[in-house]
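For clarity, chains are labelled A, B, C, D, E and F in written order, and residue numbers in each chain start from 1.
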């Protein structure tokens, strides 16, 4: 089992959600985060153009069985990009090992519980 | 009210004057009634309060990414129509007939330059009347914005409201409220703007919603209000401001004012109660958004009628108005068009009901003529407002769309108006960069 | 104010009339004073503003999951009591004695149907007075809700406030403010409702808090205010609205009004200052919640006294009131009962202090009789309100609990009122689904 | 307005009295004009509303960790100056000249003890005037706080505003508005406090910003507004309240009031529109913060001029004022000092422009003398306010800093005022412990 | 060392906290998240019953030494369930490996620092 | 690759950010969380001193190549402490294994994408 954590742009959440569902990956947890990477964005403050240090992002977490990792990653890669070639700030995907997964309501464990 | 003393032999004449409500100074011009002026100044202020109130009401209902953009619709109307009304709106609405009565015009009213010391017969400076009416001109397009929410360009919106104000609001206001307006002369009752404001805004909203098309993802994606707390508070301010809206429309500080305020209070309460009960029966739960929708339904229902119906009439108008609105929104959900904040479903429907329904509850002596005659005039007024505003709105939308663009691009819509149009975020506190 | 001219020989008579504050038209009925009417309309509006103000104040203090449910307590009172007052409340409160003086009744007041053109001696339409008083009837139960916060069923609450309004508020209002009310006749001073509103609401709150029991986890679990920012703003609106509450209670637009407004402003400021200093001394920090609690303490303290004490009296009443409230809340914390938003600790305590303490600061000429006589009448009024409201509240609570249920189930309480009662969330922006 | 009847032979005299705007009772003291009183009571309430409005405006612009601390600056002024004004402020400002005219003093005004039944010539109780003026005294230091935001100790701030009110505001108010003030006698026009309030606050803010130094990290770190939604709503309330501020400054309820209200509405709208257009041209985007900055710029620009310029003058004053402010802020950004919320850039700059610029737009008959004479008096008044307030502020700051400390420690500044000064959090909802 | 991440219902946070403390697991980090799983909930919007796509949840993170994993999991399982048998939406528990843990104030590492 | 997760005090975010940037670690994701550890803090509620159960914290996540782990940890340790010796509540650092890291815009993987 793996835990896929994707940091994406706020405006791509709906697209990613829809693409994942189309790929039959329905279970997901999302969090509001702020991040800093290559991307530059601007805001206006009383006529002054301001560059924020941290840019609002959305973190998407998906726990999947190993067989689904590639599907999930490819789906996210396709859906989270701005334009065909992507733009700086489109985000990152992290994949980490997961040792166990338990469904609280039933107590099912492992691949079953995911 | 300052009155110069007059001799005893004037007593009879003076009594007469009181009856017609006008007091003239020695030089024949009316004198200030400080009390009426005080209330009309207050009413003007209260109606102004409705604009931030509306911004809060609407702003709370959209998604987080559109909150500022939506509030800016109300605020921009304050600035744009605020200037436009002073430049030419007042003249078009309240000047004497020109263009065959399509609108009015009085060169003295242009930039309000000729009314610097004019006192109206009601004892208030004309400026106060002009400013009071100007607030109504601001509210109307701000209401429409609810149908455009979350998907309209700011520039397109600004140009739209300029044209709508010039081509729809000012003429309509002239027809219904100017003393030589053709609906006024037919005896149409529109105490505080059911026809002029709410029906015309509702109709424009319906046309606008259909023209713009639904928001991306509607109705499949659930779109949650970002801040119902603010919506509730906004509704509270609308209720408060509506006292100025309706009771101020009496342009006095007396019995009619009191009657209008009483009817307003009762209809708002009964509208809310009626919606609460309906939801309670149908869903076993009473939502706060339902509550405030009921408040609005009640307030709009009583607007055309406020000064002319008895308290029990206000009770019924408000309660039934809420039921109509409830089912109008249900119908919208079935039909599937995206009148985002239900401008037609609340303002349009309740105002039509109020404008026509008031005939059943008129205070003895109110209205001008027979029941059927009045019923017809009211219906006619509603239809004219509905159709005129609808058709003109469509034309304006097409023109603005062609030359300036109206609908946000899909990318901008997804990113949200706050970011794509204003380069800002409503709630910086949600993020750690503030 | 419109006055028909009268001949010179009337001069003496007219001067007399001015002294008693009444002006009569030729037919003997009082005439409208547009200035007084303007202020009373404004006051009515300002007191209405207090309801959203209270909703914000209370709403900001509870936990996030209960914000809408708590605000709905205030809003629901607007609708329910709004209708109830118009149907029968005004009649019960201000009609002539029936049932041995327990309440009043005037069939003409039923649904306000017989006062359509009545002008009061003070020169305002009776409608305005009825609406102004109606706002007080709304505020009182809305205040109580603070003691029930975070754990009461919405249906039970609605039925409770109906019964409380009918059985507690209306009679009490009749006793103190109707011209044939027994406390009124004894000369009790209650300028703007210390006894009628704040003591009775405080007492009901105390009984309610004890009857309902503490919230789950209280006091072990820390329960943080979800939005102190909103609480502060709400307090600001309460201060603003209180000008209508107190200064409007003069039912004129003159000297007494000015005196009441001045006392209100001073007591609010001195209450806040006094709480600030106290916290500064005891904790070396001044909290914003402490500040606004001091504002409220000051405002409530001056409410029974507003028009009858001199500025320095207002200063002392407000400052001392805040100290009393501070220690009352400390005492509550020791005793451990859960008056969630300190309705008794602020409203009950400050109003008792104000009602009794005012005797020491009366303007020369105010009050009816000796110092000790007045002191006794004031104490008696406070005790009657405290006991009557307390006992009746208990009875009502037991009855409502038995037939409809009052306390939320543990699961619903944990889930929060917003979800379990209204199926909504106050701050959609906190989540990513909006 | 109650007037005793007088015989026919008094007619001429009475007409005369009306012209000078004063009505005297038989005993020679002026009588209450209920209408004027109503409007002045309302204005007082509206100006009070500006304080929470300002708290919202400022509070929304700082970072999340400072929201309560910033709002407390406005609220604390309500309490502290509220009491101070009643104790001695009114006396210093409006008493007859003492100390060679540096300020006024009237022992009767001490604690307002001698004006309990005084009626002014304008027909309002003196209490109302004192309270109305008191609100101005509250607003001025609350405005300054914007320059100190996010880095000042609460105790230091409280002591600062006490001294500033005593040593800067009260004398300045005396010079400009008291009938024996030296600037008043020179014929300086300051309708509603451009010189007295906005220039002096702006100058104090500039000095304060320079004295305190920039916030840690400024300007490198971007500091985002925590709640622009609240800032917008606050701006709405400021606009609403400003009607009381400006129109109330006529101290009547008549033509001048209407003129002032009209000018205020127009300048606010044109200021906003002008800022919108500027941003639209320069950035292709219109920000909501820009919009409300434009509203403020317009409102401040018209403040000294409100009752004395024609509508088109208000249009120009507001529009040009916004442009000046826009570039003043740009200049500040270049110079790099940290006037956190641009108090000088908005209030100082717009008020100087308004005070001097009004000379070009005076209504025929307004002003006292020649164009150049007036221009000089206006310029002189502005310079005096600017310099006097600046120098005195510096002295006060140095003294307060030495004895009580002004600037937060770096650790406290990083932790935020809410936590370090008030032990609270503004938005509990952001965290899961509430 | 393991990192236990539990996604639970909002109304169960207090129960879980109390149960963990009773099991002598006092250190915890919680985050507001939104998730999608089997669970369906409803909201009312102007008389319309609406099904949200993402449901607010609370994420609880606990870093524990290996010996405590079972206690922690069992405690959460017991406290986070609605009713005896649990209900869809009660949540998930994920267990991931943790290589190091450092207390910032003292610099203690590993089992000591947890 | 490792994922470093640091739970720090709110008022230290700026310091930590600046220190990391000075150490040439610019990429970062931060989240608002609440936590419970040894630390006690107090708030005032109507004159009553209240001890909250959960204290607001900031979670900082940094994905780094193995070579950078020590730099990152040391930098955080130095910057996140209150005073020279640190105070309870200064926070925790967790280090977990990361199997993969993908830059969404370009599809770069591994050390490249980090």
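In this text, contacts are C-beta pairs under 8 Å (C-beta built on N, C-alpha and C of every residue); 3 or more make two chains touch, one makes a residue touch a chain.
None of these values were measured; they are calculated from a predicted model.
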Shared chain contacts [chain E and chain F, defined touch]: A, B, C, D
Distance from the mean Cα position of chain C to that of chain B, given in whole angstrom: 32
Rounded Å distance between chain B and chain E, as computed from the means of their C-alpha atoms: 50
Chain centre separation in whole Å, for chain F relative to chain B (CA means): 52
Touching two or more other chains - residue numbers and ranges from chain E: 30-32, 34, 43-44, 52-54, 82, 96-97
Residues of chain C engaged with two or more neighbouring chains: 1, 3, 6-8, 33-36, 38-39, 42, 67, 221-222, 224-225, 227, 253, 283, 285, 287, 289, 422-427, 430-433
Overall pattern in which the protein chains touch one another (line/ring/star/complete/other): complete
Interfacial residue positions of chain A with respect to chain F in the complex: 2, 6-8, 31-37, 53-54, 57, 59, 73, 76-77, 80-82, 85-97
Touching residues (chain side chain B, partner chain E) in the complex: 221-222, 224-225, 278-279, 282-283, 285, 287, 289-290, 293, 326, 329-330, 333, 342
Residues of chain B defined as touching chain A within the complex: 65, 217, 221, 411, 414-416, 419, 422-425, 430-433
Chain D contact footprint on chain F (complex, rising order): 10-12, 14-15, 32, 34, 42-44, 52-56, 82
Contact set on chain C toward chain A in their complex: 432
